[in-house]
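I'd like to ask you about the structure that follows.
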Amino acid sequence: MNKVVTFGEVLMRIAPLGNKKLKQTNQLEYYFGGTEANVAISLSQLGNQTQHVSVVSDDFIGDAAKGFLQKFGVNTHSIYSSQHPLGLYFLEVGAVMRSSTITYNRKHSAFSNIDPKQIDWHKVLEDCRWFHWTGITPALSLNAYQALKDGLTIASQKGIPISADPAYRSDLWNYGKDAREVLNELVKLSTIFIGGPNEINELLDTKFLYKNDDFIKGSKQLIEKHPNIKKVFDKTRNSINANWHKIQARMWNGSEFLETNELEITHVIDRIGTGDAYAAGLIHGLLHYDDTKALQFANAACAIKHTIEGDANLATEREIINIIEGNLSGRIIR
Amino acid sequence: MNKVVTFGEVLMRIAPLGNKKLKQTNQLEYYFGGTEANVAISLSQLGNQTQHVSVVSDDFIGDAAKGFLQKFGVNTHSIYSSQHPLGLYFLEVGAVMRSSTITYNRKHSAFSNIDPKQIDWHKVLEDCRWFHWTGITPALSLNAYQALKDGLTIASQKGIPISADPAYRSDLWNYGKDAREVLNELVKLSTIFIGGPNEINELLDTKFLYKNDDFIKGSKQLIEKHPNIKKVFDKTRNSINANWHKIQARMWNGSEFLETNELEITHVIDRIGTGDAYAAGLIHGLLHYDDTKALQFANAACAIKHTIEGDANLATEREIINIIEGNLSGRIIR
Amino acid sequence: MNKVVTFGEVLMRIAPLGNKKLKQTNQLEYYFGGTEANVAISLSQLGNQTQHVSVVSDDFIGDAAKGFLQKFGVNTHSIYSSQHPLGLYFLEVGAVMRSSTITYNRKHSAFSNIDPKQIDWHKVLEDCRWFHWTGITPALSLNAYQALKDGLTIASQKGIPISADPAYRSDLWNYGKDAREVLNELVKLSTIFIGGPNEINELLDTKFLYKNDDFIKGSKQLIEKHPNIKKVFDKTRNSINANWHKIQARMWNGSEFLETNELEITHVIDRIGTGDAYAAGLIHGLLHYDDTKALQFANAACAIKHTIEGDANLATEREIINIIEGNLSGRIIR
Amino acid sequence: MNKVVTFGEVLMRIAPLGNKKLKQTNQLEYYFGGTEANVAISLSQLGNQTQHVSVVSDDFIGDAAKGFLQKFGVNTHSIYSSQHPLGLYFLEVGAVMRSSTITYNRKHSAFSNIDPKQIDWHKVLEDCRWFHWTGITPALSLNAYQALKDGLTIASQKGIPISADPAYRSDLWNYGKDAREVLNELVKLSTIFIGGPNEINELLDTKFLYKNDDFIKGSKQLIEKHPNIKKVFDKTRNSINANWHKIQARMWNGSEFLETNELEITHVIDRIGTGDAYAAGLIHGLLHYDDTKALQFANAACAIKHTIEGDANLATEREIINIIEGNLSGRIIR
Amino acid sequence: MNKVVTFGEVLMRIAPLGNKKLKQTNQLEYYFGGTEANVAISLSQLGNQTQHVSVVSDDFIGDAAKGFLQKFGVNTHSIYSSQHPLGLYFLEVGAVMRSSTITYNRKHSAFSNIDPKQIDWHKVLEDCRWFHWTGITPALSLNAYQALKDGLTIASQKGIPISADPAYRSDLWNYGKDAREVLNELVKLSTIFIGGPNEINELLDTKFLYKNDDFIKGSKQLIEKHPNIKKVFDKTRNSINANWHKIQARMWNGSEFLETNELEITHVIDRIGTGDAYAAGLIHGLLHYDDTKALQFANAACAIKHTIEGDANLATEREIINIIEGNLSGRIIR
Amino acid sequence: MNKVVTFGEVLMRIAPLGNKKLKQTNQLEYYFGGTEANVAISLSQLGNQTQHVSVVSDDFIGDAAKGFLQKFGVNTHSIYSSQHPLGLYFLEVGAVMRSSTITYNRKHSAFSNIDPKQIDWHKVLEDCRWFHWTGITPALSLNAYQALKDGLTIASQKGIPISADPAYRSDLWNYGKDAREVLNELVKLSTIFIGGPNEINELLDTKFLYKNDDFIKGSKQLIEKHPNIKKVFDKTRNSINANWHKIQARMWNGSEFLETNELEITHVIDRIGTGDAYAAGLIHGLLHYDDTKALQFANAACAIKHTIEGDANLATEREIINIIEGNLSGRIIR
């Protein structure tokens, strides 16, 4: 076996149906998600062996969370449980110019209270071909940060490719550590950087702008600082409104700049987890294709996620390749 | 306390889910609405004290109707009950070129059978800073007309600002009174007119067209006839189809013509009550802002209502201001 | 009575709600459909007498299927039942560039196992003013083919107008007969051909392209081969993606080429059965209007079906005429 | 054809799901019912030809009501439509000691406004083998009473058996006519009386008690007054609570008293329409069996209705015979 | 005005539908509850003025929680909000011998983090006729305990009757205070004790048994220790299984022992909140009736809650009186 | 690892909600089941390693079926897929004296068309501690029979304990083989027999009655014929009606007769799969406890399944032990 390992919090997402506000109904529906778990699910649907490492609550919520990952083929043998509750978030889905709203209840979650010593990283990383992490994890708590650093250190020693998605959220990072310092420390252990000018600015304390030139300059500067990083992948989004997006992917692979076509999603079904779909598409692409096709695959994976309900991309490799090949008309398949 | 008072029928709206026709399902969902109650709910969500005056059925339907208004913060102490049923309407929601269809069951409702003497208008209008009425009420029955006239007379005597939304529906007005005569009588007691060339034509028996010039001329002529009216507010709608609208607001404030930008709703969620959202936005704007911002606020309130299910606009002041500030991309708020 | 008769399989359609994948939910909804039954339902909603001939399962599924047709006014006296199960299909609804997926379970259905001798075609075709068939039926089984041929032969002898919609699906036709041979045999018994270059190519082994010139040439060649065919009707579809279609209709009536305006469906609600809606609209049009209006009616019927859930078009004649008259804004009808 | 004809209002029943109160949810489900329509549906499910005569609203509600009857095989050719709304009722379902609550909205319904001259009773009653009416109809309005009297007069002249279920509801009868007088007039035209001491007391102004002796005495006295009545059928109910009932049927056939076993419904699913199920079972029984079996069939039909959702009994003859044969264990049938 | 004041956490309850386990579905429904809020809602439904004091989250969950209370008529002017999440619990509903399971997520909730100084108890308790508290509140956190003690002290000084429901849950009480010490301190400020041998044992460190004699002895001993307590109210429950309960109420009013009849709930709809229904019934009874009727009312209120979904009793005074009068058959009310 | 292996068809169960008939609604819900898969799921929930061997359809239905098993922890590496559809059944749920009705669509399923050579039984049965089969499998098709025989032969050679549940259904067995002959052949390879007088009579062509004496005599005679069988386990059911059952278990362990207490299920939630719950409970019991406790565990597992929706028992070991310990009151667990 040759698996991809992800590490991070599993979150329960609870939302009223359709575009209703919570106050308008007594009905809810739920999914399980969490940025790294989403990547694992998507990679599993694409045909890869995956294992997710996490801590869930020791109750029927945590049990259901594990079952959810198993349903989609993710190995859950390294998902531990504790007396703390599972992190969750509530979502009210907006439309057009009305924003969706998310409210979190994750601060004292089972994952934030993770005991770093609980994880046997040597065993988890046996037979591992890729490790993926995001900046959400070290933002949650000292314990989560420590556990991630342990994993990254060992993975790095084993020479496992490591993708870093250092998504910076200023509302997290409440436990005392400095975000920039921590993220630089962890990116130093990684080999693939998923992020654009915003993320680079956060790491390097620079002021690069959104445009391609700046993306290239920023990428070069990042690689200069962290030479272990070999490639930088970004995606750009043009939101006409909450229901109508255009997306495009770009990369600096150390020597050249690549960019995909723009894909237009005229009727967004679910916006959440599209970045995770991009990351999963990218990892799959880098494992199976060349850079150009990997970038296209990541972009197409991101695009199709907008049409899938829930947090995780459930598209198959065939569906995504189909988009790369230009089949965008969505004809019925019988 | 300094409340806005509205007066009118509370209607129950019953509809199959999504775009289904009644024949296609055994499932329904309901909201409570009614044009004036919608205004009260929206004003309450915007942070204003509100009281709605009405009559509902003396059964669990009427009780639920009151509970619905209370949930959204509307004072229901002057909602009476009687042995007649609550008015209701059924809705089948169309799409694109297929019209939504509404069928009413309100003719013999609790509100139509209102006893005008039941309402203690002096008490209701104590501490009232605004009174809002629409042309639906006097169209329903002689009793409803009489009750409204009583309220308007007292409010006018007290110098309370009064907004008139004389929405003319020819299929109502079956009890013998002449619509034009009655509406002129009631507009004469009002200070703000919500309507455009159509409504002005109905009142003045004129033939003004849709365009801005005619709107200005009509407004002037209306104010000439009813000098108590200080400002005339209108909104214009360009419906590409049932799912795709563009709206814009305009006003004649007695001395100058103002017009907002056009707002585009590419994916309409619920078309019903958007006029009421406009009226509520306008009242809120006139109570808190200058004319220009009030007009923008009304237009933005109308726009965002298209993204909200049910009859009433539940948007917050923050969400509406956000639109005025040009943030139309509907980004997720975490 | 003067009825339209249709003959074909009644299928149960089962699907998760909204855009969910089956794996994401335990909830399903169902409709009954089947291409010829859809035509019967639509014609019934348009005010025509209809009778559908079929075989369903002798259980509560078959009973519900008959009830479904009866609800919409279709006569079911010639729907027989047998010990075999009702054919069914599962549907996952896609969006934008994600295709909807259909998986069938019809191979050993009650209809495929039809006993041709069971149908008393002379009685069924008494008082019949139109007979409609599609190429799905002879593709299913030898028995289905034989039963259809019997019906067509008798209908043809009685001089009943016969519309042929020889929709060719290569994944069917597994019982040994050659599709081209069979379809030519059956088209020879028909008077109206519903199809374009693709269908003509399949019948004549030609290579006509999509464009109008080729459509005209192909139609002429088809009529040359099958002079009983008087008119050829086609529709063309431009799918921007799964949610956004543009459709147009064209015909060769033996002497001239006619074409409708393009109708744009910016927010597709349900794509399935739109071809059947076209066929039903066409039959209704040919029974009640001239060619030009019939073509427009077929195109408008097809367009409005995209806004209706389920397999069958439930639009009324009034709604469709409304579209022909250019009223595309979908205003609420109260 | 040899049909059973029923005449009466079709009502829409709207209720929250399960045991919820309206205030607790925004979801509803609906059925169509009405006491006489329920009898027609049940008789149709039992294999009899049926036709229901009524007036519904000329909108999508009325259309759905007709479709509902058609789905269950009831002929709707004599269901007219008018501009008045369809009658409806809301239901909150109780449990154990909590009563279900019903609130009606039927006073100004399409049926109450029926035009008696609209019905061509001679045509309706052609080929009719049974006519069924209830005391709800003459209680609704003068017009409804007049229409029913017309029908009964003609049916009586034609020698058609007529079952009368003079269910007396004091809260109806608001249009000026005296209930007792009217009901006696209509029972005089009937041949089968469905009712017990309560109903007899209402007609004869007597004070018979619940017990069998009184039932027999009352029946005799009723037949003495209305010698056209040949048989009197009653059912008795012992309600432990809203979820647990025991029922039993009894009759006086003019010469002897018959009584069935008691049937126990330990888990009531839906209490509504169980009386109509009894009436339908009785009519079916009298058409096909002897008195003893007819009475058993009526009682078993009533019992099984308690296990079926909605207003009408959908049980088959086989299911009801099964109960008579003592198979009460409810084993799964595969 | 003369209101009842309650103080405590508002909890959101989230559960799969029916008897499903979370793992079996993606659908949930929710209610708001919390033991003291349930009492406020029930008292409001019974016709009393009520005000609930609490802290909720400053997001759409907290807003919906307030709206929920307002819908049922509870004054929410003293419900504050904070950045902490609303407490919630998940529920899987069992049946027969399968227990329902509840898992809480309330430890770091908005209410647990209450700032005692935030509450202006003098203002809240103006015009207050009754104050109710439970042992859940002081078990949650030091702040909650302190806030409650402040309120009780002032209420006690004002001579307001105070009901104590010192429900002891050993799994709470994690913040360092001793349960017995705290509860005795707070009971000392109260006038009515709701509890039986278990609760008395917890307070007095005694070993009284379930039987009536022990209840009387224990009550006497409790009053001896806390002479401010005038009456002790208990309820006893005999659970045949999760769906079938029998309940009975008893009291020691300082001089005599009273006991109600047993009420049997053969089909439990919702077990949760039945104790709160008892408390609310008791408070209503003590405010409006004598001891005997108050006890009967509490018992009947508790019984009928078993038939109502959600956490709070929504029964009316009329429905409860009906049970006291022995009407247990649950007949439909039209 | 030390797994239990099951082999058999995975079926999709589709049903209207609650007690509705298919005709009454457009909503369905589904589960996956199948008698042997149910055993695997239950054993997995009880904490055992399990692997299910089967063939599913190569489409999103088959994919969802595998995901369903994975969610509950069952290893699906030996579930193959083919072009044939997944077997399914529709269910209408009865109540009280109304039977539930099931209609199957499995005759030409993926499993019936299994290719016996596809299964590598040697690999599957490595590290296997128990093999379970039922009489459904050899009844379906020659291929299914052959595949099962292959598996049993190898398991028997490996000395793996084998439980046989030869449930005889006369409506299956249509492919030409004689049921008795086949079942005897397969029982001969097994070590544990699950069945009572009915199943023994079917195998031995005897006429044993239901009573204990006959069960003992029959068991002895069976063991005489098949001395490999060491123990015979049976369960008896007393169905008051569809909602109220009493069950009891008994065994002949080769030397003594054991019998459990009767367990009463007064409110059955779901009757389906209770036999599979018994089998799974038995296997778990025999793997972990002595005969007496194993029999009690099987009976309690069967009982609690009646309270769980879907086909498979999801109860935990703790919940079942709780029943054995006499805790039947179903108190809420917090």
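Should a chain be cited, it is by its letter among A, B, C, D, E and F, assigned in written order, with residues numbered from 1 in that chain.
The definition used in the following text is that a contact is a pair of C-beta atoms (placed from the backbone, for glycine too) under 8 Å apart; a residue touches a chain by one contact, two chains touch by 3 or more.
Bear in mind that the values here come from a model prediction, so they are computed numbers and not experimental data.
Asker: By label order, what chains touch chain B and chain C together?
Answerer: Both-contact set = A, D, E, F.
Asker: Same or different for chain E and chain F, when you check if over half of the residue numbers at their contact belong to both copies?
Answerer: different
Asker: With centres defined as the mean C-alpha position, give me the chain C-chain E separation in Å.
Answerer: 62
Asker: Counting only Cα atoms for the centres, state how far chain A is from chain E in Å.
Answerer: 44
Asker: Once you find the CA centre of chain A and the CA centre of chain F, what distance in Å lies between them?
Answerer: 41
Asker: Give me the residue numbers in chain C that touch at least two other chains, ranges are fine.
Answerer: 21, 23-24, 26-27, 31, 67, 71-72, 101, 104, 267
Asker: Provide the residue numbers of chain F that touch chain E in the complex, in ascending order.
Answerer: For this pair, the touching residues of chain F are 31, 71-72, 263, 265-267, 269, 303-304, 306-310, 314-315, 319, 322-323, 327-334.
Asker: Note which residues of chain B are touching chain C in the complex, please.
Answerer: Touch residues, chain B against chain C: 18-21, 23-24, 94-102, 104, 169, 171, 239-244, 267, 271-272.
Asker: So in the complex, which bits of chain D are touching chain A?
Answerer: 24-27
Asker: Show me the residue ranges of chain D that touch chain C in the complex, using the header's touch definition.
Answerer: Touch list, chain D to chain C: 67-68, 70-73.
Asker: Show which residues of chain D lie in contact with chain B when the two form their complex.
Answerer: Result: residues 14, 21-23, 26-31, 57, 59-61, 63-64, 67, 85, 88, 90, 92, 101, 103-105, 107-108 of chain D touch chain B.
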